[in-house]
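Okay, so subunit A shows up in both of these, paired with subunit B first and subunit C after.
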Partner chain A sequence: MKPIVRLRGGSFTYPGAPAPALHGLDLELRRGEVTAVTGPIGAGATTLLLVAAGFAPRLTGGTLAGERESLAVRPGIVFATPWTQLTGLCHTVRAEVAFGPASHGRPREQVLAVADRVMGQAQVDHLADRDPHTLSGGELQRVIIASALALEPDLLVLDDPAAELDPAAADALYALLREVAEAGAAVLVATPDVERAARVATRALRLEQGRVVKDGPPSEVLA
Partner chain B sequence: MIGYVAGDSPLHRAHPYTPLAWAGALLLVAFAVSTPAAIGSVVLAAVATAAVGRVVPSVMRPALLLALPTWGLLLVLHGVLGPDPRVALGPLSLSQPGLARALVLGGRITAILFAFLTVLATVSPPRLVEAMTARGVPFGRIYLLVSTLTLVPRMRSRAALILEAQQCRGLRLGGSPPARLRALGPLVLPLVLGALAEVDEQVLALDARGVTSGARRTPLAPPPDRAGERALRWVLGLLVVAAYAAKFAGHGL
Partner chain C sequence: MSAVAAAAGFPVRWEGVRFGYTGDDVLHDVSLAIGAGESVALVGPNGAGKTTLTRMLMGLVRPRVGRASVGDWDAATQRPHVMARRVGYAFQHADQQLFARTVADDVAFGPQRLGIGTDQVSAVLQELGLSDVAGRHPYDLPAPLRKLVSLAGVFAMRPGVLVLDEPTTGFDRDLRARVVGALRRRTEAGATIIAISHDLAFVRAVAAREVVLEQGRVVADRRVVG
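Entry: the complex of A and B
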């Protein structure tokens, strides 16, 4: 199967930065795979997610050298801090989750049906009528994950998505990532939680100083 | 308090364009009239609007806090330094035309503040988003307007969090004015830097959620726009036109 994203010799430098955040990166992401990325803080994992999903350099500025090919048309992104990912324009969780498909102009009934389905998947359906600004960090993060799933992404990138979650919710989230991949998306997750990542990842990368130093089965890379 | 106050008043239930049109009409009429009596009526209309929205207690304080310094400045500039004839007010000798001018200018500012603070207090930002989405307004414009309307409450809640955190780390807020000024640093810097960092992530999140897709957004729960409200907005428009027609014809109030 053709990879949904392919990077060859990819190097990315942020605007004004003296050195690249990523160097010489060769990466292929495929539908059905969950790829876990680990490494020390500052290793370039967040940048890798942004480059893979096409947000860098398009929205961040900077320079991407090397080749990047992408077939992804609906990338979804989830950061560690849910508060910064709220639209600020919705007064219910349902509206927040429905925001993405509504932005794509899908018919109202479809938008609401998708929102209800993904709220169930992310276990936030009981919060549907709550104001997102009144939720706890963990509840809010699950709403943000539901919002990303509502886009029905073909590529889902997540940056330490369980940082705000309790252990049970983190377990459920990682299980959900596998479901999303099995439904046909490529999933790329940067995480320090190697134990949970090892349970669901089909492949793992270890980054150090912007370079991939290990790429292989999770049992080897995350051990 | 500046910002939305949940409620069930006629203004809260109205289509968001109606309170906006009302406030816009008050603003324009406030500039069309030029006598203290007329501007007094506009101020009364603005205060009455806040009463209809049941938000007078929320609106009064910020309106007066913002208007009173301007009133003070206007009274000094026009009342004390204005032309003759003069009237005695206790130990002060004030310019009669200057006082009238100060009343008109101060009244305009007061009316505008009351009208727009009432709009902020009674128009729910998400309902406004839905109303604008239903009219096909591009998302960029909606976001710009609603972000501006919600800026003060968002910054205030963020500032409160930062203040709590800094106080836990030993920041002392009391003391002399210079000490209070020094305490602003640990508040303002994280407030501004945090807001900038947040913007970065929010841009990515909004882009991922399709706001730049170019598609026309689907409104999910557009507020009803009744015929009576649409008629009222037309009447307000005609009232503004009439006020300016009278002003330019030399029959202005």
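Entry: the complex of A and C
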């Protein structure tokens, strides 16, 4: 199967930065796979997610050298700072989660059906009528994950998505990532939680100083 | 390392506290007392009410029923900038409290506003391993380092009560160790520490007591076994 995203010799430099944040990156992401990215803080994992999803340099500015090919038509992203992803326009969680598919012009009944389904998957259905601005950090993180799933992404990238979750919710989230991949998406997740990542990832990368220093089975890379 | 100053702590108390944002209460008749100089972890599932409970100590949330106090101050009767003389609060989302153009300026903001001088700023930056990024813009740093900067800003105010909401989110072992060391030094100086955390290694390292909240109620209150 052809990769949904392919990078060859990808190097990315942020605007005004003296040196690239990523160097000579070769990467292929495929549907059905969960790829875990790990490494020290500042190694470039967040930048890798942005480049893989096509958000950098399109939204960040900067320069991408090398080749990037993408077949992804509905990329979804969950930032490490989920509170920055609220629309600010919705007074209920249900409306927040429905915002993405609604803005794509889908029929109302489809939008509501998708919203209800992904709220169940992300375990926020009991919060459907709450104002998102009154949620706890962990609840909000799950709402943002539901909002990303509502776009029915073919490529889902997530930056430390369990950072604010309690242990049971974190376990459920990683299991959900596997389900999302098995349903046909490519999943790329950056995380310091190598134990949970090892349970669900089909492949893993380790970054150091903007370079991939390990690429292979999770049992080897995340050990 | 230059000397790090920390204030002696205050006792903290919640008495029969009830609160709801809209509709149903998220805190139900919570009573809890923390002694001056105690180090306590607040744990429990997402949405249990941990953050809401601690925000009362800053006067950011006021009980619908009951009372939250820090020493002899009723937190509901004081403005947040007054409570900041006793309570240093590190928010769960660090970006909510970073706004200066350099790390050093951001860390200095609190002590300047409190009028206690900024002689602690460089010591705190050094203590947390942030001296090398003191001149950087906070938003040029990765999220975990921004979190560390927000903690430095709280430490620099030398509060008697430290409230830290998920202080190790996204941290690796090195960053966690820096915060653990800083908190132990403040515990030794007598500060009261209240930490909300899902990070069990962090809880074991800093807390002597663990209070478990579920669905807005205290369901367990026990010693931490290290």
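In this section, the second predicted complex is superposed on the first by the 223 of 223 C-alpha atoms of A that agree within 3 Å, B and C clash if a C-alpha of one lies under 4 Å from a C-alpha of the other, contacts with A are read in each partner's own complex, and residues count from 1 in each chain.
As a convention for this text, contacts are C-beta pairs under 8 Å (C-beta built on N, C-alpha and C of every residue); 3 or more make two chains touch, one makes a residue touch a chain.
The structure presented is a predicted model; accordingly, all values stated were derived computationally and were not measured.
Once subunit A is used to superpose the two complexes, subunit B occupies space that clashes with subunit C.
In the superposed model, A:102 lies in contact with subunit B only, and not with subunit C. Looking at the shared chain after the overlay, A:89 reaches subunit B, while subunit C stays out of its contact range. Of the two partner chains, subunit B is the only one touched by A:151; subunit C is not. When the shared chain is aligned, subunit B comes close enough to touch A:55, but subunit C does not. Of the two partner chains placed around the shared chain by superposition, subunit B and subunit C are both touched by A:81. The larger set of touched subunit A residues comes from B, when the choice is between subunit B and subunit C. Contacts of A:168 after superposition on the shared chain: subunit C is touched, whereas subunit B is not.
Once the two complexes are overlaid on the shared chain, A:111 sits against subunit B while remaining clear of subunit C.
Only one of the subunit B stretches 97-105, 187-195 or 205-213 carries C-alpha atoms that clash with subunit C in the superposed arrangement, namely 187-195. Residues 81, 83-84 of subunit A are contacted both by subunit B in one complex and by subunit C in the other. On the subunit A side of its complex with subunit C, the touching residues are 40-42, 46, 80-81, 83-84, 127, 130-131, 134-139, 142, 160, 163-170, 192. Contact residues of subunit B toward subunit A in the complex are 124-126, 129, 139, 142-143, 146-147, 150, 154, 197-198, 200-211, 213, 215-221. Those residues of subunit C lying in contact with subunit A across their complex are 21-22, 44-48, 50-52, 92-93, 95, 142-145, 165-166, 169-172, 175, 198. On subunit A, the positions that touch subunit B within their shared complex are 50, 53, 55, 59-60, 75-77, 79, 81, 83-91, 95, 98-108, 111-112, 144, 147-148, 151.
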